[in-house]
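Across the two complexes that follow, chain A remains constant while its partner is chain B and subsequently chain C.
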Partner chain A sequence: MTDLTQHTLLELKQGLDKKEFSSVELTQAYLARMAEKRHLNAYITETPEKALQMAKESDERRAKGQVGLLEGLPLSVKDMFCTKGVKTTAASKILSNFIPPFESTTTQHLWDAGAVLLGKTNTDEFAMGSSTITSYYGPTLNPHDETKVAGGSSGGPACSVGAHLCAGATGTETGGSIRQPASFCRVAGYKPTYGRCSRYGVIAYASSLDVPGVLGHTVADCALMTQVMAGHDPKDSTSSHRPVEPYVQMLDKNITGLKIGLPKEYQELLPDNWEKALQFLKEQGAELVDVSLPHTEEAGMVYYIVSQGEATANLARYDGVRYGMRVDGATLDEMYMNTRMDGFGEEVRRRMILGTFFTSAKGYYDYFVPAQKMRALIKQDFDKAFEQVDVLFSPAVPIPPFTVEEARHGASKGRFNDTYLMPSCLTGLPAGCANNGLQVIGKMWDDALVLKVLDVVEMCK
Partner chain B sequence: MTYRITGKSGEWELVCGLEVHCQIISESKVFSGASAAFGAAPNQHVAFLDAGFPGQLPVLNIKCVEQCIKTGMGLNAKINKHSVFDRKNYFYGDLPTGYQITQLFYPIVGEGYIEVETEDGKRKIGVERLHLEQDAGKSIHDMHPTYSYLDFNRTGVGLMEIVSKPDIRSPEEAGDYLRKLRAMVRYLGTCDGNMDEGSMRCDINVSVRLVGETEFRHRVEIKNVNSVKFVMQAIDLEAHRQVELYEAGESFPQETRLFDAASGETRSMRSKENALDYRYFPDPDLPPLELTDEYIENIRKNLPELPEAKRLRFIEQLGLPEYDAGILVADRDTAAYFEKAAQGQDAKKVANWVMGDLFAALNKDCLAITQSPVAPEQLGALVGLITQGVISGKIAKEVFEEMFKTGKNPDVIVKEKGLEQVSDTGAIEAMIAQILADNMDKVAEIHAGKDKLKGWFVGQIMKASQGKVNPGLANQLLDKKLAETKA
Partner chain C sequence: MMMDKKTIQEMAFWVRVHIPDAEAEEMAKEFSETLNWMGERFKNPELQALKPMVTPFDEPIPLRDDVVTDGNKADEVLSNAPCHTDEFFAVPKMVGGESS
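So, the complex of A and B:
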């Protein structure tokens, strides 16, 4: 292996197992490349010292025969995950000095499995956006075309994988924030079923939608990281007790007889590889079935009402009183206003104002309650579709990445950016996109099947 | 007497409802693992969640749920198998997350009632609901000229908010409602009921209307009144204030007022126009609480006997008068003390001792009944000595005083001090014969029909025996000896 950074997570795992290189060597290779590609702005905080220390400890464990599932593998972590002793900002000025005294459950699982932390990756501020341009730390560039954005909100994670600045990355998705940047950066991204991965220690944007997930070079890489991160957590009341399946082992490339649904509402704009992919799936023995998800169009509005309403309450705690930044004022209210005016960026403030309106005494009944009803109808669409088919198949984001300028002028709010992603966020369904931009959505808790189909989809180049 | 306020335009009646916050007795807080104990140094019982750290999530403490259900059963209320937690949003220094987790739309306990007793008799005061929520922290504004200090120990401690219907018609009813509620939660061990420590807090809604009116007029809320006495005072005050304003043809706003115990007045805090919009919505971090019949029934089975049931049992099984039973059950510890003391003894006599000498002695030394130097078994034994005729009631008072001082058993004291009643009739008869002989003039008067003088002789006998003669026996032997002198 000449350039250690140019491999998938599973390849590197094999290399380490065969002792072709050490975790310290691998980590050094990534740290060197991170320095070289710093202009992409994938990372907010690099942790080279901690990384080398963790790598050294991993090599020592390996020497003693203690080998975890991710032993010695260097990963990036989105700056929405609290990491003990490592600055965690949510890409916001208001948390620019925040060092968590605790570790998120999912990242703890990674470290327990032997993984190495390379640094904390960039995101839209509080994960609000889909271009990583609302970050207090500036936009993340697309590794394949530096004039374009990496997407978002997991733009940092997607770029860190796409530019080979890590072996794999954690991300979070609320309204498409893993799949959209994965698609833009041509990497694989997976959003597990809501409740599969604990939200404890993940900075909340919209609690009923937030899902910790992963981005990797391949679907198989995603399967391995998900398998490690998943599991019940007594610290998260919405976390499931279901046992975690061995996702990697279940990637048997066999989809013979599987019924794959093609939602007609998701085919308005199709990528070049679409027909080829359908042909390929048929050749693999799958049966393609046309289905309909009639409330697709409404999902965007429902998403904005629900997510902004919840976000307003979730972000109320950033008030300058106990941690984070504070801008003084003559009265308590003035201090709140000064701190939050200076600490939050424009997009976050805009969403909080709207969220305040949506949950006001009047707005609650005019917007929030109807949105929840519509959310139930969207779920019903999926329930009906899944009576006919095992999984759903569609493009993830049928448009190419836009420039930072275009993003600033609202490109990410246009159609198709997240039209095919929002409904599966509102319903908590497992969904992912392969590194060729094609997505699979499954039933609740069918994570193993979704990953397996995605793994086959990925074979179609 | 029915509570009425007389004005120029007629008789006014009070319409009042109470919202009572009861701090739940539990080891840890309702959504975090931090200790819920009272009285620690500031900020010693604070989990990351209580301090509103990012990424922290609430996890429901099932013990608090159980306490709510018990209290709901005490309120004769419907236990809701499905309830939901909501966020109540507002900014304040002692509310770290910027919202309080509470239950607006679907509370854990539905309608119930508390039966109150006043001079007018018994009435049921409806309870609208009981819901589970978190307490806020404490702001301390007087430690620094420009800064406020914050103590988050109380942040996130479980609260039960019990909302009555507007059924209360007099300050006395409000007082009795609170006392009954306090006795009930103490019995159940769900709240310590200490209003002065703030573990039970009361907000009052007051309006008035002319007798005969069926609609409610607009109400004024009075916040955080911290004793039963003040609650009654505040209601009376506010009702009169409103009547005066109506009579003077003045309007007044629907507002929130604060009670000032020092001046005995209420003053405006905020009007309805400035009322906060709390932007309630369901908390997405907590799934709805679903309870099974089995779970609820299991709690019901293990419920301790409630004051009302105990009161009836004291009356029916132990033969206590209603008055005595009412006093003894008002406090769980008193009832427990009494029951232990009355074991195998004359219950009415024991009740008299508890409510009389024991209460007086405890009160004098500022002791709670659980701190009594006289154990319930010892008090029972003392009553036993009286019943058996070993000592007289008068001597018993002396013995009790000694017991209270030393904690010794009554029989020991009686022996040590030689206080046994003289039951040797021969000796008593000799004593009586001597007294009669010394007072033959009075004996003659008795024989002449002046029966009242017998009492004087009994007194002489008691005096001569230092109270050790059983008064019944003394009377009996006196009659016998008098008869002998006649013959």
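So, the complex of A and C:
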């Protein structure tokens, strides 16, 4: 292998297994490339010393025959995951000095499997946005066109994969934040079923929506990382006891007889590869069935109310007392006010104000509860569709990436940015985007099937 | 529903952030339009019979045993505190005299 950074996670795993190179050599190659591509702003914090130490330890374990599923593979971690002893900011000034004394469960699973931490990647502040322009550390650029954004909120993770600055990445999704940047950066992104991966140690945005997930060069890479990250965690009461399936082994490329639903509401704007993809799926033996998800348009509104209502509660903890930055004031209230005004960016402050309205006596019964009922209606749409089909298929984001300036003028709030992504977030369904921008959505806990179909979809270029 | 500047500023105070008059005015105007649009959508009769969906998690959530699993980590707990004295978080004085 000449340039080690230009390979998929599974190829690198094989290379390490065959002893073609060591984890230290691989990690050094990534660190050099990260330095070369620093202008893309994929990482908030690089951890070269820790990475080399972890790689060295991995090589030592391998020499003793101890080989985990991700042994020696260098990964990036979105700066929403708490990493013990490594600064974790959520891309916010308010956490710019926060060094967690604990590790998130999902990242602990990665290290237990032998992975190496290269650094913490950029995101919109508290994952609120879809362009990384709300990051305190500035926007992440698109690796394929540096005049454009990488998307968001997992823009740093998507760029770190797309620019070959890591072998794979963790991300989080609340309203499309893995699949949208994956689509913009032409990488694969996977959001597991809500409850499949523990949220413990993931900085909370909207707790009933937040899902830890992955981004990789291929669907198979995503399958391997998901397999490692998933599993029950007693520290997260909404994490499932269901056994984790061997997702990678289940990628058998066989979709013969599978019923694939095409939601008509997700076809208003279609990418160039759409017709070809449909033809390809038919050739693979799948049966294509037209379905309808009639309340798709309402999802944006429900997301707006639910996510902001939950965010305002979650962000109450940043008070300048226990952790994070403080701006002094003469009284306790003045200190709170000064700290939160200086520490939070404009978009976060705005969402907290609106979220407070939705959860106050004035807004709760007229807006928050009806939004939760509408959420149930959106779930019913999916339940009905899944009576007819096994999975759903559509474009992820049918628009090209926009520039930073366009994002600042509202492009990231545009109609097609997340229309096809939000409904599956509200309903907790497993969903992923292949590196050709096409997505598959499945039933709750059907992660293995979604990954398997995505793996086939990915073959259609 | 019409949103006004006063309500926006009241909400801002509840989350302990400040919003200038002009910005609050603009936000109230924009938000009123959004609320009206939402209000129309929520008139959907299909919603009447539905239970509010609070989480997508579809498994029972058992209660944990009521036992201590952690503790004696004062140093770790205080390690990120902007200000502390001994084993206590320190904040500006709330009663009786000058701030600390």
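Just so we're on the same page, the second predicted complex is superposed on the first by the 461 of 461 C-alpha atoms of A that agree within 3 Å, B and C clash if a C-alpha of one lies under 4 Å from a C-alpha of the other, contacts with A are read in each partner's own complex, and residues count from 1 in each chain.
Basically, contacts are C-beta pairs under 8 Å (C-beta built on N, C-alpha and C of every residue); 3 or more make two chains touch, one makes a residue touch a chain.
As the structure is a prediction and not an experimental result, all values here were calculated from the model.
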Partner chain in contact with A:Ala411 - chain B first, chain C second, else both or neither: neither
Which superposed partner A:Val149 touches (first chain B, second chain C, both, neither): neither
Which superposed partner A:Met301 touches (first chain B, second chain C, both, neither): second
Which superposed partner A:Thr356 touches (first chain B, second chain C, both, neither): both
Touching partner for A:Tyr194 - first (chain B), second (chain C), both, neither: second
Broader residue contact with chain A after superposition on the shared chain, chain B or chain C: C
Partner chain(s) touched by A:Asp236 [first = chain B, second = chain C, both, neither]: first
First, second, both or neither for A:Leu215, with chain B first and chain C second: neither
Partner chain in contact with A:Glu334 - chain B first, chain C second, else both or neither: second
Touching partner for A:Val202 - first (chain B), second (chain C), both, neither: first
Shared contact residues on chain A - chain B and chain C: 98, 101, 208, 234, 237-238, 312, 315-316, 319, 321-323, 332-333, 336, 356, 360
Complex interface listing, chain C residues touching chain A: 1, 3, 7-8, 11-12, 14-19, 27, 31, 34-35, 37-39, 41-42, 44, 46-47, 50-59, 61-62, 64, 73, 76-77, 79-83, 89, 91-92, 94, 99
Complex contacts: residues of chain A adjacent to chain C: 97-99, 101, 194-195, 208, 234, 237-238, 240-241, 298, 301, 304-305, 312, 315-316, 319-326, 328-337, 340-341, 344, 349-350, 352-354, 356-357, 360, 362, 366-367, 369-377, 379, 426-429, 444
Residue ranges of chain A in contact with chain B within the complex: 81-82, 88, 90, 95, 98, 100-102, 104, 199-204, 206-208, 234-238, 309-310, 312-313, 315-319, 321-323, 332-333, 336, 356, 359-361, 364, 368
Complex contact set, residues of chain B against chain A: 48, 51-60, 87, 89, 91-93, 96-99, 148, 150, 277, 279-281, 283-287
